[in-house]
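The following pair of complexes shares a single chain, chain A, combined with chain B in the former and chain C in the latter.
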Partner chain A sequence: MSTPSASTATIHQVEVPQPKQHGKPGGIMRHLNFFTGLIGGVVLALVFGFLMNIQFPSGALTANFANAAAGPTFWAMMVGWVIGFMGGMGAFTGPIRWLFGRDLTHADAEFMAGKDQGKFRYWRFTTDHKVVGIQYLIVAMIILGFGGLLAMLIRTELGFTWMEVFNPDFYNSLVGTHGIAMVIAMIVVVSGPVGNFIVPLMCGARDMAFPRLNALSIWLLVCAVPPLILSLLVGGIRDGWSVYQPLNSQAGPGMIGYQTTIIVFAVSTALASVNIMTTILTMRAKGMTWARTPILIYGSFAAAAMGLYAFPFYMYSQILSMTDRLINTSFFNPIEGGSVWLYENLFWLLGHPEVYVILIPSMAVMMELIPVFMRKPLFSYYMAIAGIVGVVGLSGLVWAHHMYMTGWAPQANYPFMLSTEMISIPVGFLVLVVIGTMWRGTFWSRLPMMAVFAVIFNKMIGGVTGVYLSDVPADQYFHGNMFVTAHFHYMLMGAGLFGAMGAVAYYFPKMTGRYLDERTGSIGFWTAFAGFQITFMSMFVAGLQGQPRRVLQFDNMFNISNWISTIGAYIIGIGMLIFLSAIISSWRSGQVAPSNPWHAQTLDWQTATPVPLENFPVLPVVTKLPYDYGVPDPLAPQTLEKQYDEKVGAPT
Partner chain B sequence: MADTLIPAEEPEAPTNRPPAMHRLREWLQRRYVRHILIITVVVGFLLLPLGWLMLAAMNQSGGPASSIMEDIQQTILVFTIVSIPITSFVFAVLLYSLFGWKGKSGEEPPNNDNPAIRTNAVAVITWTAASSILAGFLVVWGLIELADITADSYGTQSITGQPRADNALVVNVTGQQWVWTFEYPQYDKVATDVLYLPKDRPVLFNVTSVDVIHNFWAVELGIKIDANPGAITQTGATPNKEGIFNVRCAELCGLHHAYMETEIRVMPQENFENFMRENGGGQTR
Partner chain C sequence: MTAPLMSPTTGEPVAVVARRNRLGLVFLVVADFSGTMALIISYVYLWSLNVNNGWAPNQQTFGNNDLLKSRSPLPWAADWPFWAILGLTVVATIVLWLGIRTLRSGHRGGLVGAAAVSTIVVVAALVLQWWQITTFPFGPGNGSYASAVFLLTASVFAHLLLAAFLLLAITNRTRAGLVSSDNPFQAKLVGYWMVWVCASIVLGCLCTTFLKASPNTTPANFGEFSLYNPNAPAPSASPSPSQ
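Let's look at the complex of A and B:
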């Protein structure tokens, strides 16, 4: 009996004609998950490596991986890993299905969105934006943990000033891997979970604009991580996270791991950016005009827009670098007519916008949660927008301040100094918005709110020290100096990571249905904060004394500041572990939270917790800005309207 | 009929809004305003010594040894002082929010009785003007100082890359993994691994590398320039202090980057000439 229900499905009370259902819903996707991806990746990597090893024998598969001749083999293994992992995950199933002329039915799509699969949907190529958001959070935390561990090792080496704990080669690998792992983690730690989990909810949408691209972007990120970690075993990334040419060409095949990571990560970021931007542009709820859009959506859009234009530069620099290494092109090899400055320009065209890709979402979350905890409207909403737009506008015009001392174009130092110092104006707008919202308010003293204080404190220090670095004469002393290291840790960690911790505490009830344990979380947060100040304040001192970056031994005059710095780093480590334990224990058995525990007014808090598939049973309509807290200001200047003097003759 | 077509002149609406100065005075008399301003001043004075402490840390190894380094330190001092008011104001607001307006903890949000301040034109305009003026000052100061130190360092060279000053000393600096080599072309190409410089004589450095990018950082002279393979970059300074100073590599250059450092010995001109002669470099000009 061919019922009509076999060819139509009811989607939100609308009958939609359906293509033919082949087999069970989901088809082959029922059998594909992270573990098949892992098997596919490893098997294909070995096969590709073996085939390449026949062509270019290097002994890589049997003996010494760190041998430079293992390059082609290692490259083939990387290609095999990426294709095998993504294939095993089921990333190519959709296009192949279309080749056979089989479109997805509604039941297929619901399977893809993880319906009725319990926790196992987190291991699958799941299209639901909430699943992707949680996956981003977990992956970011894993990378942060890895990078943090490397940071501990680096500080250990620098604390033992009288000996070399590690050999210089391994130390340099630690520095480079720590750098790039942390940059990747910080780019996704706010933009990923918030951009994927919260932004569609806040827009009042049922999912992201491109759910399958969403799944593709997170699993590409997962795919990019193992090459980075494994590169430590095969020669490592010895050249700092910026891997300047031509030093990079001296590194072992671990560098190919780095390049693979960057290329895959850049593709992942581009997909995620396009997805977030399209969602925001086209799927905001009815009535959510640009003047009623919450500031977090502006921040996510800005970060996505900057990522979209910045990452291609990085990807191309790594592709060209890879061809230099593998097939003897000479884009960056000065001996054969290449240019090291070309590499530096391509790299920093990413390198500086990337800082704002990290900072703007973190600041936007702070601006989003501060009205909720101050029970006051956001101060000067339009100024916040102007600040974000200003940062985006200037972000692409400042990259060469990383190159003041390279001799590339001394005359260009003047305009780049101008544009760099100008960017302090829009960033200052964001600070005014925050302190203006604090003005004359009694705050609700919870962990997310306390994070705002920590972030603004760190951001001021990072901002002021950034002013020295933007200035060419002062940078002539500080370039390549520990002062720079301390400065960007104040920005990326002090403002970025502590903001991310606040964001996690704020959105934890929506994401997991439970409160983040306030007591343990706060202890961890403030321990890490105290350790952070100790570590990086003394690193500023080391920089002022003249300690260069990325050294494992130094003059005795730098000893004291490095000892203090190392002690502080261990305190950060303890604090972060406490915070992590708060996250894990709260996630498993924390206090159950209601659906809107903070009494916030944005749309993301108006759904049920846990958020059902497709979020909203009926799409919401927006009629005002969601910052409608507080009472009319009693201290506002009193203006009596239309009190006409009777002698003048008022219209009656 | 004609009367109805011409709208009656609206009398200017008189209000009892007090004049601006009066409102400012009233604002300054508020308790929280006074407290925040007092905290700002206190925090500002506490931060003020930082300017000199930073210079003290920079001078720990014996600098400044050139006018360029003096300019750099002056810039750092000025920037510190200029950025203190705005920093201490923000810190004062944070402090007053924490301890003055205070917070309330608890499961439920506190009463919804905070003033709904959506914006404040005076605050926005003042902040924008202040930060723009500040940024403008920093830019102008930076440009002037940059022109100044450029004149001091590149002033030793002309557009052809040759030394401009008659008595300038030329030093060819070569970085390689992981040593610096200094060659004195005016002294029969004497080559040393320690940088010997005469006091009060302009020096022009031609910097290059034979392998990877290094960074020639003469710490107390306040000059820093990349040593790029396949290119010559130039910088210069006039040492004005005798003593032993540091050269460090400020760009990660591989395995022993940390050990790629050497000394600068600044000595009187006669000693320098004698030293060069002893090492086989009779002055040829």
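Let's look at the complex of A and C:
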């Protein structure tokens, strides 16, 4: 530990020379936190908005369309918010210190990691991956709650068929905001907490590769949320989560909130992806060769890789839309040589890989759970890897199946139909691995294992209905109706969210030191599951009957299916609230769990709970795959101290 | 055998930290490459389509009902500033790498000078880029070529701004002894970044120089927003009986 007067610090029993310590460890970061960020963001947003109003009092910086005249002021406020919030959080402190050559000492780094700061470290720019993982979980749950609330309002409108609860504009805003909020939440709900909390532990690392980048990515995510919520107050997002052109350019200034959210979120995701991939490639424990790496690490790497190449396209689709609106560029305006199909291509170049960014980590968690709860080796480990690699490889070649009916390159429809149907092969590999592992097994009936069954059920339905949608002739009928809505809810919510609930139940003891209340959690889980089936099975029926999407007034023939869907949605809401209450009560006063309550073999369960600041007192050495449950000593962890140095080499 | 230099923050050998940072930079460049490709794809896509004959820079005139009356052509952007900016960036990159080479022989001062010169050259490129953006013979709304060129040059500006920051930091840090022959990896990382900036500018230069006039001389009319439809009949003053 270094002090201002010491010139060396002892780090892992080694004396390491230290740079000069300026003041107390942490420096200015001691005074910066979420609240200073909030103040900075609000103040700078107001200042920027005020200045923009002075500069362009009559809306001189006009857009293509008259109703966007208020855009520049709102845009300036969003820019002010982002800079002010991140500055107030301390995000710029690191680069400025680096510029002036004031490197962090070990004591600074320990302060930044939240050492001895109690719960307040969750409100700071804390670099410890475990803190960041829990921050991701909480932020994802808040966004899910917000999106879920909007879903309740949507279903209220659609279920109360005898009256109009909201006006059409506000209803459309609810649909668009719900869509994008849920997509963001689903992207981070598994890959955020698991990728940040669990993956470094599972790798046998002391932290992520770039701890400050880690803190930056979570606080950028936090920063991205208010613009989305604020957009509801200035016209909202009335064009669905995909906000196709030219509706995007024609919308009110609320669209700028959406665009700000997407740009900031894309940067956050790219940084998180860089961090996760580098951690996995360079910080796996000695002996953890690719043939001994847990499947969850493969899944996290795959999701990060897809996010890395795909999110910039989405980000640029919104940057170009923003410049079309604010400085009159004409990327999407046909009279000036633009094309709306350009937007759709850029958008779906992310839009489809994003589905797998959500699904692959969820499936990978399931593949971690099954061997543990069935005490069986993972069936065909290499098939699982092949499945993940196949999905990554094909995910970038299927985007245009979302555009069959737009008129863009009709001759390309059939190649894209083929590639889309081909991707069911690697996805099928993953399902086969899951089913093969469970085959003729007996299982330990706990909540995480229940989630596996729920995910398989939902994924089968979502997958099979997806085959219809990948088929051009069938898609002509289904693409614009509730069948599509039901399908993607089965994939994203049915497989993604129920998988996330299973992951929370499984990792809860490691994250909090306590068991998730099994009884209350199960009641919540199964209530939500039942509500989910009621809601979306009925929506399939409405879709087969021809009810169009994103329309709040419809023919009476759709009434019954909509009433049933709305009842199901309320049941989901009740189930989620029960599950949330289980999380909160268990976190506060649940049964204390030992460090490895499931007798799992992966490294994340071999360290103490609560996990110490640097995870492992001595870095582990891996000697085998973590799924050898059928061997004579089924409870043996992935690392065996007595076999250190004799059997293993460095990772290849 | 001398003990390896250790990172004061994590206590790991600096070589380990360097390897990790290098890989992280590669991934960041992959993400940035995707973003740059989004711009390049946009440029090439609109160039190949020439929607409504609106690719080439032009000044539009609208009539009383916001209907397009005429287009008068505007000049293309001059080629030389694109290549001049590339040239300056390449020079800055070479100078920096020469400085890194002198560092190997223990001359820290060589890198300080090289990084300082690189910073100045990149700032000159930034000024030239700013001048180019503000003196284009068209505005960002004068056709899709104009839009794509504005965004490409804005992207170059952002890359150069970051490069200037990094080079200034390397100058400072080398002067302070934080970058040395034992610990050169940060200068090398900035060197790699400069190479990528050069590559990204090359992509833009190739587009703006060789893909000017659209090959699609008989573009399909993809329709226009009703606000601008030149073929629509002018709205009558009073509604017709059928309305």
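One rule holds in what follows: the second predicted complex is superposed on the first by the 614 of 652 C-alpha atoms of A that agree within 3 Å, B and C clash if a C-alpha of one lies under 4 Å from a C-alpha of the other, contacts with A are read in each partner's own complex, and residues count from 1 in each chain.
We take it that a contact is a pair of C-beta atoms (placed from the backbone, for glycine too) under 8 Å apart; a residue touches a chain by one contact, two chains touch by 3 or more.
Source: prediction; values computed, not measured.
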Per the contact definition in the header, classify A:Pro334: touching chain B only (first), chain C only (second), both, or neither. both
According to the stated criteria, A:Thr442 is in contact with first (chain B), second (chain C), both, or neither; which is it? first
Look at A:Val551 in the shared chain and tell me whether it touches chain B only, chain C only, both, or neither; answer first, second, both or neither. first
Chosen between chain B and chain C, the partner touching more chain A residues is B
Kindly classify A:Ile456 by the partners it touches after superposition: chain B alone (first), chain C alone (second), both, or neither? first
By the touch definition at the top of the document, which applies to A:Asn413: first (chain B), second (chain C), both, or neither? first
With the two structures laid over each other on chain A, which partner does A:Met29 touch: chain B (first), chain C (second), both, or neither? neither
Which holds for A:Pro246: it touches chain B only (first), chain C only (second), both, or neither? both
Please write out, lowest number first, the residues of chain A touched by both chain B and chain C across the two complexes. 246, 250, 334-335
Taking the touch rule as given, give the residues of chain B at its contact with chain A in the complex, in rising order. 8, 11, 13-18, 23, 30, 32, 54, 57-58, 60-61, 68-69, 71-72, 75-76, 79, 83, 86-87, 90-91, 93-94, 97-98, 101-106, 108-120, 123-124, 127-128, 131-132, 135, 138-139, 141-143, 145-146, 148-150, 154, 207, 211-213, 215, 217, 219, 222-226, 228-231, 233-234, 246, 248-259
Enumerate the contact residues on chain C facing chain A in the complex. 6-11, 19-20, 23-24, 27-28, 30-32, 34-35, 37-39, 41-42, 45-46, 49-56, 60, 68, 139-148, 150-151, 165, 168-169, 172-173, 175-176, 178, 222-225, 227-228
Could you pull out which chain A residues touch chain B in their complex? 168-169, 172, 175, 238-240, 244, 246-247, 250, 334-335, 340-341, 373-377, 379-383, 405-407, 410, 413-414, 417-418, 421-422, 424-425, 428-429, 431-432, 435-436, 438-446, 449, 453, 456-457, 460, 464, 467-468, 470-474, 476-477, 479-481, 541, 544-546, 548-555, 557, 598-599, 629-645, 648-651
Where on chain A is chain C touching in the complex? 9, 11-12, 14, 16-19, 65, 95, 98-101, 103-106, 108-109, 206, 209-210, 213, 246, 250, 270, 273-275, 277-278, 281-283, 308-313, 315-317, 319-320, 323-324, 327-331, 333-339, 342, 345-346
